[in-house]
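These notes are about the structure you will find just below.
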Amino acid sequence: MDSVFSQLCVLGSSLALITGLILLWRRGVTAYISAFTWQSRAITVVTVVVAYFGPDHELYWVAGALFILKGVVIPRLLKQMERRFAAERELDPYVNTATSLVISGLLVLFGYAITRPLVALSHLPTRAGMPLAMGLVLVSLFVIISRKKALTQVIGFLMLENGLALLAVLGTYGIPLIVELGVFLDVLMGFLVMQIFIYQIHETFESIDVEQLSNLRH
Amino acid sequence: MIGYALEVAQAALALLLAPGLVGLIRWMKARLQNRRGAPVLQPYWELRKLFRKEVIVSNNASWLFRATPFIVFASAVAVTFLVPILAVPLPFDGIGDLLVVVYLLLLGTFFLSLAGLDPGSPFGGMGASREMTVAALAEPTVALAIFALALSAGSTNLGQIVARTMTNPGAALSPGHLLAFGALFIVTLAETGRLPIDNPATHLELTMIHEAMVLEYSGRYLALIEWAAAVKLLIFFSLLGNLFVPWGVSMALTPATLAIAVASLLAKLVILAGVVAVLETRIAKLRLFRVPELLSVSFVLALLAVTSSFLLR
Amino acid sequence: MAVDHLLLAVMLAAYPAGALAALGVRGAAGRGLAAGCALAGALSGLALGAACLAAGRGPAVTASFLPLTGLALRIDGLSAFFLVVVGVVGAAVAVYGFGYSSAYEGRYSLRMLGAMLNVLLLSLSVQVIADNALTFLMAWEAVSLSVYLMVLTEHDQPGTIRSAHWYIAFAHAGFAALVAMFLLLSSGELTSSFAAMRSASLTPAVRDSAFVLALLGFGAKAGLVPLHVWLPMAHPVAPSYVSAMMSGVVIKMGVYGLLRVTIDLLAGGPAWWGGLVLGLGTVSALLGVLYALMEHDLKRLLAFHSVENIGIIFIGIGAGLMFQSYGLTTLATLGIVGGLYHTINHACFKGLLFLGAGSVLHATGTRNMEEMGGLIKRMPRTALLFLVGACAISALPPLNGFASEWLVFQALLGGSAIPQPEVAVILPIAVAMLALASGLCAACFVKAFGITFLAIPRSREALHAHEAPLSMQAGMVSLALMCAALGLAPSAVVRVLGSALSGLARFAPADVGFTLGLPLRAPGAVGEMSPPLLALGLLVLLGLVPLGFWLAGADRRLRVGDTWGCGRIGQTPRMEYTATAFAEPLRRVFAELYRPSRDLSIDFHPESKYFVQSIEYRSEIHPWFERVLYDPLVHVLGAAATWVRRLQGGSVHLYLVYMTVALMALLTVARWWR
Amino acid sequence: MLLGPPLLAALLAAAVKPYRRFVGWTNALLSLVSLGAAVVLWRHVLAGDVLTSGPVEFLRADALSTLLALCVSVVGGLAAWLGPGMGGDDGYDGAQARRFRIFGNLFTLMMLFAVVSNNVGFMWIAIEATTITSAMLIPLHVTKASVEASWKYILIGSVGIALAFGGTVLGYFDFVNLAGHREAALNWTVLMASAPRLHPQVIQLAFVFLLVGYGTKAGLAPMHTWLPDAHSEAPAPLSAMMSGVLLAVALYAVIRWKLVVNAAVGTGFTDELFTAMGLLSLAIGAFSLVVQRNYKRMLAYSSIEHTGLICVGLALGPLGMFASMLHLLNHALAKSAIFLLAGRVLHRYRTTEISGVSGLLTAMPWTGGVFAAGVLAVIGLPPFGLFISEFALFRAGFAAGRPWLMGLVLALLAVAFVSMIGHLNRMLYGAPAAGVRVGEGSAWPLVPLGLCMAALVVLGLTLPAPLRALLTRIVEIAGS
């Protein structure tokens, strides 16, 4: 029983991680968006699973909110933006694909090393997924660092949030609902503000390439 | 009471003898150079003549120029009250020690140099600049010589030094004393403007120091300054004589000892005068910028003197 | 004690009142109020100091006025003495400043000047009577700040801002050292009161490091070589009476602090402390006067002389510390008393000289000696007063400079009682260098006075110079009188100083009863001299000589003629000896030290190279401290700064990299902590 | 009463469209109300009772919160009084003023909420919200520079805050493993209560995330990079709020967690981290000041330096805590005032280059004077409060037996001192640049700033008993 539970959790988290890795070897924004969408849905599934086996009924609400927000609303907004900036592809990242994948592998290992004590400490059946979640966090950090387009960075940031959400669900069966909702609200607001800025960047710089945002020095 | 009388007496004696001392050196030099030379008393006649002449003062000069001769003379005479020329201990011994003597003479030099600058003539400036340079560079040697003497005597007061040396004659021949003597002798040449530092016999050469400084002076002012210079010379000689070779200086103030004192003083002066005369005939004047080297030699001598008396204590 | 408290209250009230008045009231009234309050405060401070010196002890006040440790004031002999120093110079400066600052009307901010003068006097007075670290440090920074703002008064003159910046940099660096020093001394004791520091038991290492820090901090304030570079920059550009204040009193705070810490809080230390102070003092004395000789800017020259005199003071103190470590208490007292004596003497004559220089600047509008001359006829009183100052600083008897230098000499000579070879090397050299310094000082002031005041004016400004207004003269006269008084009554001064010290840790009062002379009976040093009798004798002789003339019926004719110049008729200023020429021989003698840069450019007549059209000779001297010590420091700072700037590269990715690296590094630390 | 006014003001500003001047005035008055509320809090805390409200007491105001609330409401009040849209030519049009009033008040609201919320989760939410609201204000004038600055700010800030969330989750994870799910489990009080039994290594990992996360907002090196850009590009009132209190609020969050971790694993770990980060910030701040050409950036770097100083102080035990809190208050007052003055200077000279500003004392005597006073205060000269707090900090350091650390700090502060006073000179003196209008404009905005300086002087000369009591209580909190 628990084994199935933990299997599912691990499966879901690995799915999330892999979708995260997609950002590193695909170039098109479209691919990124879909990757993010699927990642969010995978996490939703994991949440539902946890809620079911937990059993923890609050988590159903969380899952729902998560699905609506990250599985539907944000992808849609992203698609809008993509239509605006379709021309802008992640052509030459700071780190090329091969290296990126190697590095992200190392990052995942680092995640494992870090989460050792957590896994050792925890007695939840879901604990096996936590290293993957941590890995996802680190990988999406790496994405934000190594990719140049503002849009990509936003997606990386959203994935970071996903990773943390996943961590919360796996590690603690979710933080209290009210807090969770507040967090979601913040995520949404933050995303909207970033969207506004991306538009502003596009207006003032005729591109969303972050590389050129380097005039403020010293 | 007799002490005070003695003070006045020795001051008067110094004033009387000083021009003669200058004359004596000149005469000896002339002799050594196979010249007949002016009589020893010549300086006295010169002074009298100068006192009779009228004074010409530059229209640029200020009151300082006129005050200076008196200050110089007064400071020189004041020193004669402090230095043990004939006898120790003297009542004024407590007024000033060796340091006071040195700085009183410096006072005279200071004002003389200012007076040299006052008329605004380039000679005066040149003289003043050189005089102060030499004086300043001579200072450390003097100080160290004093240090050496004070080390053995345990005091800077002249009376004490003389008395201490007389009580243990061995000290007089200690290396410290001899080295200090050498140092102070060189300083004497420098301070009193003798060869090889300055040439007292020349006028209006670019090498001169003292004479250039007093170039603007005439009449009684010049007389005062020349006389003061002579007194200064005598003071240094009697310091050399009485501090390092104190024998003859009267300690018990009896007529007999005083007579001896006068005699020994005259003897010492003659000897020193002779030495200076010989030197001045033997050696030529140094270039101005070699003078510091000579003074540094004296400095080293003095330093050795101090350290040796430190270690041999 | 009631009187003391009253005086203290008056002093502490008058200065703030003056500051507010200066800020509040415009024009001459404001100047007058500021000067008046400053004068009142200074006089009451003077009276307070004198009273406490007489009584041997003074009031102690503690108030919870300041946060943390509160305000603590206590007046002992040392504080009282320095109160007197502040009062004497402060009063003179206040009077002088009233006249001097009138020239600033409408040009510069007089309100700031008046206010800051009062703040300066207040903080100086508080500093010398502070009884805990916070009070002291606060006063210290207040002094630095007020002086800084006053130095900036003529901010439109070239170099002013730079000089002020150097000043504040050194002052604050010193402050940092002092904070560390005091907190080391109080060793975690929170009130950090001086009493606690006295009783604190510290390891030798701590004591030594505290001493070194103190030497750094106070040395920087006092302008001890090699921490003196700010001094010749800041003193000249300040308004002259501020320079007088700085040179006369502010740098003395370094002396006060060093004494307070070393002989009071630390109660003396190993011999090398004294040796170090002595050595630094010697170097300062010599280098100060050597660089002064090469200066032709009157105020810079005086500033370098401050370095020299601080050196002399530190020689005395250093000798005292050394003797104390060898247990020669009387000699130690002698040395330190000599240092203190020279402190107040220097305060008087250097204040006088700066005020005189101020009057010259006020009259001619230039500080360059080469453009002066003949002023003795145009401003006779200033000239006379300046001459007094010059004689005093050249240690000519019977003025005060001689008395204190004589004491220092005696102390050094007395040191021969110590049977130590290193002492046998150090002391004679110190003596010789001190003598050389004073000789060179005399030479330098022959130059300063002769070129500035004597002979023919070298410029139109000098030709049309005018005597200073009365208020300025009054300020100078008071200091000149002090010079004479301090010179003529050394035995009284020494006794007072001795009793001032006797309050401190293991110091025997100097055994000088009041006589006309100054008899010393220290082991190894027996000396005696009597300035008053000396002065009397000189006066008598000065009277006798003319009398003799009269009796001898000497010729009294006097003709005024042209200066003799090898038959040339008519003399122009161009034929005069210049300051540069005057200093040339010494420049040659010490060329190894100065390493002057010369360039001589002669352009000949087109027809024949035997006819010279013009000769241009330029020679400069750059003190090598900036080059050797401070340029590297500045360079390193600049390099570090540029390197740090590069961190802020502008790329957001780079920034995120920093963040991630920091995160992972800290995670690793946390993961494998312990 | 504390949270109400800014909310009202924001709603009002949102409701009234187009912008009207009275909005600004009401806002200003309301700010006074919340200031009063903060003072009331203060009195309660001194009386010894801790105000709590809301279900599961999720609002809680102890001494620490009160101090922060005071700072926030004071600086918020300053910004409200001197912000755009109070009439007169302040270089902002109605729309901008409206935007400022809306988001500025939300910003204040969020900061206040962060400091009084007992629930670390809500604390996190509020701080995240501060990022969003303040980011909306940076490009009030849309320029390349301001857009760039705001992007950097929002991105770095959000990532950092996300990490902080991770930290919160880990902390919660540790707690849950200990005590299982419980009501109000994220309440700081509850955490504190059970802290001693938390698993050391996990809580340490959590703390690292929190330190890096909140440290980003607090401007700790090496996460400080957004700070100079944002501060230099933001409108003056916003810079004042960010530099004055936002950093402080972020630090507050770290402190809260630091207390938990201390209770769990002892002070060693957090102190070491704080010392390291603090020194690094101090060094970077100080050296960036040496060759700085832009006065707003200069002020920003000085903020970094002071944050570092406070961090170092926090690692020095109770005395250090006392000193740091005092310093935090002083710095909030001084720095916000200077930033507002810098806004006036910028408005007059139209440049942020130090070289472009000369003769400030002649051009704007009063502004120049107060500006100079402010800078002198910030570099720690008496009679201003920062001198006292810095001295207290050094004292704490030496009392804690870390003389070498203090020596380093002293040296770095001296570097900052020399650099800043040099830059100040260049701005104050000389002749005003051509085309710069000479003469003080409307002088009334200087009144509150002058009050700030006066308050600083008071804090420099004496430590009022209520304040001392407040700080002591804070230290007690840290101690318990």
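As written, the chain order gives the labels A, B, C and D, with residue 1 at the start of each chain.
Just so it is clear, a residue touches a chain if its C-beta (ideal position, glycine included) is under 8 Å from a C-beta of that chain, and two chains touch if they have at least 3 such contacts.
Everything numeric in this text was worked out from a predicted model, so none of it was measured.
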Query = Taking every chain's C-alpha mean, which one sits closest to the mean of all protein C-alpha atoms?
reply = C
Query = Quick check: more C-beta contact pairs in A-C or C-D?
reply = C-D
Message = Taking the mean of the CA coordinates per chain, how far is chain A from chain C in Å?
response = 70
Query = Distance from the CA centroid of chain C to that of chain D, rounded to the nearest Å?
reply = 44
Request  = Using mean C-alpha positions as chain centres, tell me how far chain B is from chain C in Å, no decimals.
outcome  = 35
Centre distance in Å when chain A and chain D are each reduced to the mean of their C-alpha atoms = 31
Note = Where chain D touches two or more other chains at once, the residues are 151-152, 155, 159, 201, 205, 228, 288
Inquiry  = By the touch rule stated above, which residues of chain C touch at least two different other chains?
reply    = 645, 648, 652, 656, 663, 667, 671
Every chain pair meeting the contact rule = A-C, A-D, B-C, C-D
Interfacial residue positions of chain B with respect to chain C in the complex = 51-60, 62-64, 70-71, 73-75, 77-78, 81, 92-97, 99-100, 103-104, 106-107, 109-110, 113-114, 117-122, 124-126, 128-130, 132-133, 135-144, 146-147, 150-151, 154-157, 160, 215-216, 219-220, 224, 288-289, 292, 299, 302-303, 306-307, 310-311, 313
Key: Residues on chain C engaged by chain A in the complex (per definition of touch)   = 645, 648-653, 656-657, 660, 663-664, 667, 671
Key: For the chain A and chain D complex, residues of the former touching the latter   = 56, 114, 117-118, 121-123, 137, 141, 144, 150, 153, 157, 160-161, 164, 167-168, 171-173, 175-176, 179, 182-183, 185-186, 189-190, 193-194, 196-197, 200-201, 203-205, 210, 213-216, 218
Query = Which residues of chain C touch chain B in their complex?
reply = 373-374, 376-377, 387, 391, 394-397, 402, 406, 409-410, 413, 416, 421, 424-425, 428-429, 431-436, 438-440, 442-443, 445-447, 449-451, 454-456, 517, 519, 524-530, 533-534, 537-538, 541-542, 545-546, 549, 552, 554-555, 557-565, 571, 573, 575-577, 581-586, 588-589
Query = Of all residues in chain D, which touch chain A in the complex?
reply = 119, 121-122, 124-125, 128-129, 131-132, 135-136, 139, 142-145, 147-152, 154-155, 158-159, 162, 165-166, 168-170, 172-174, 176-177, 181, 185-186, 199, 201-202, 205, 228-229, 232-233, 288, 292-293, 297
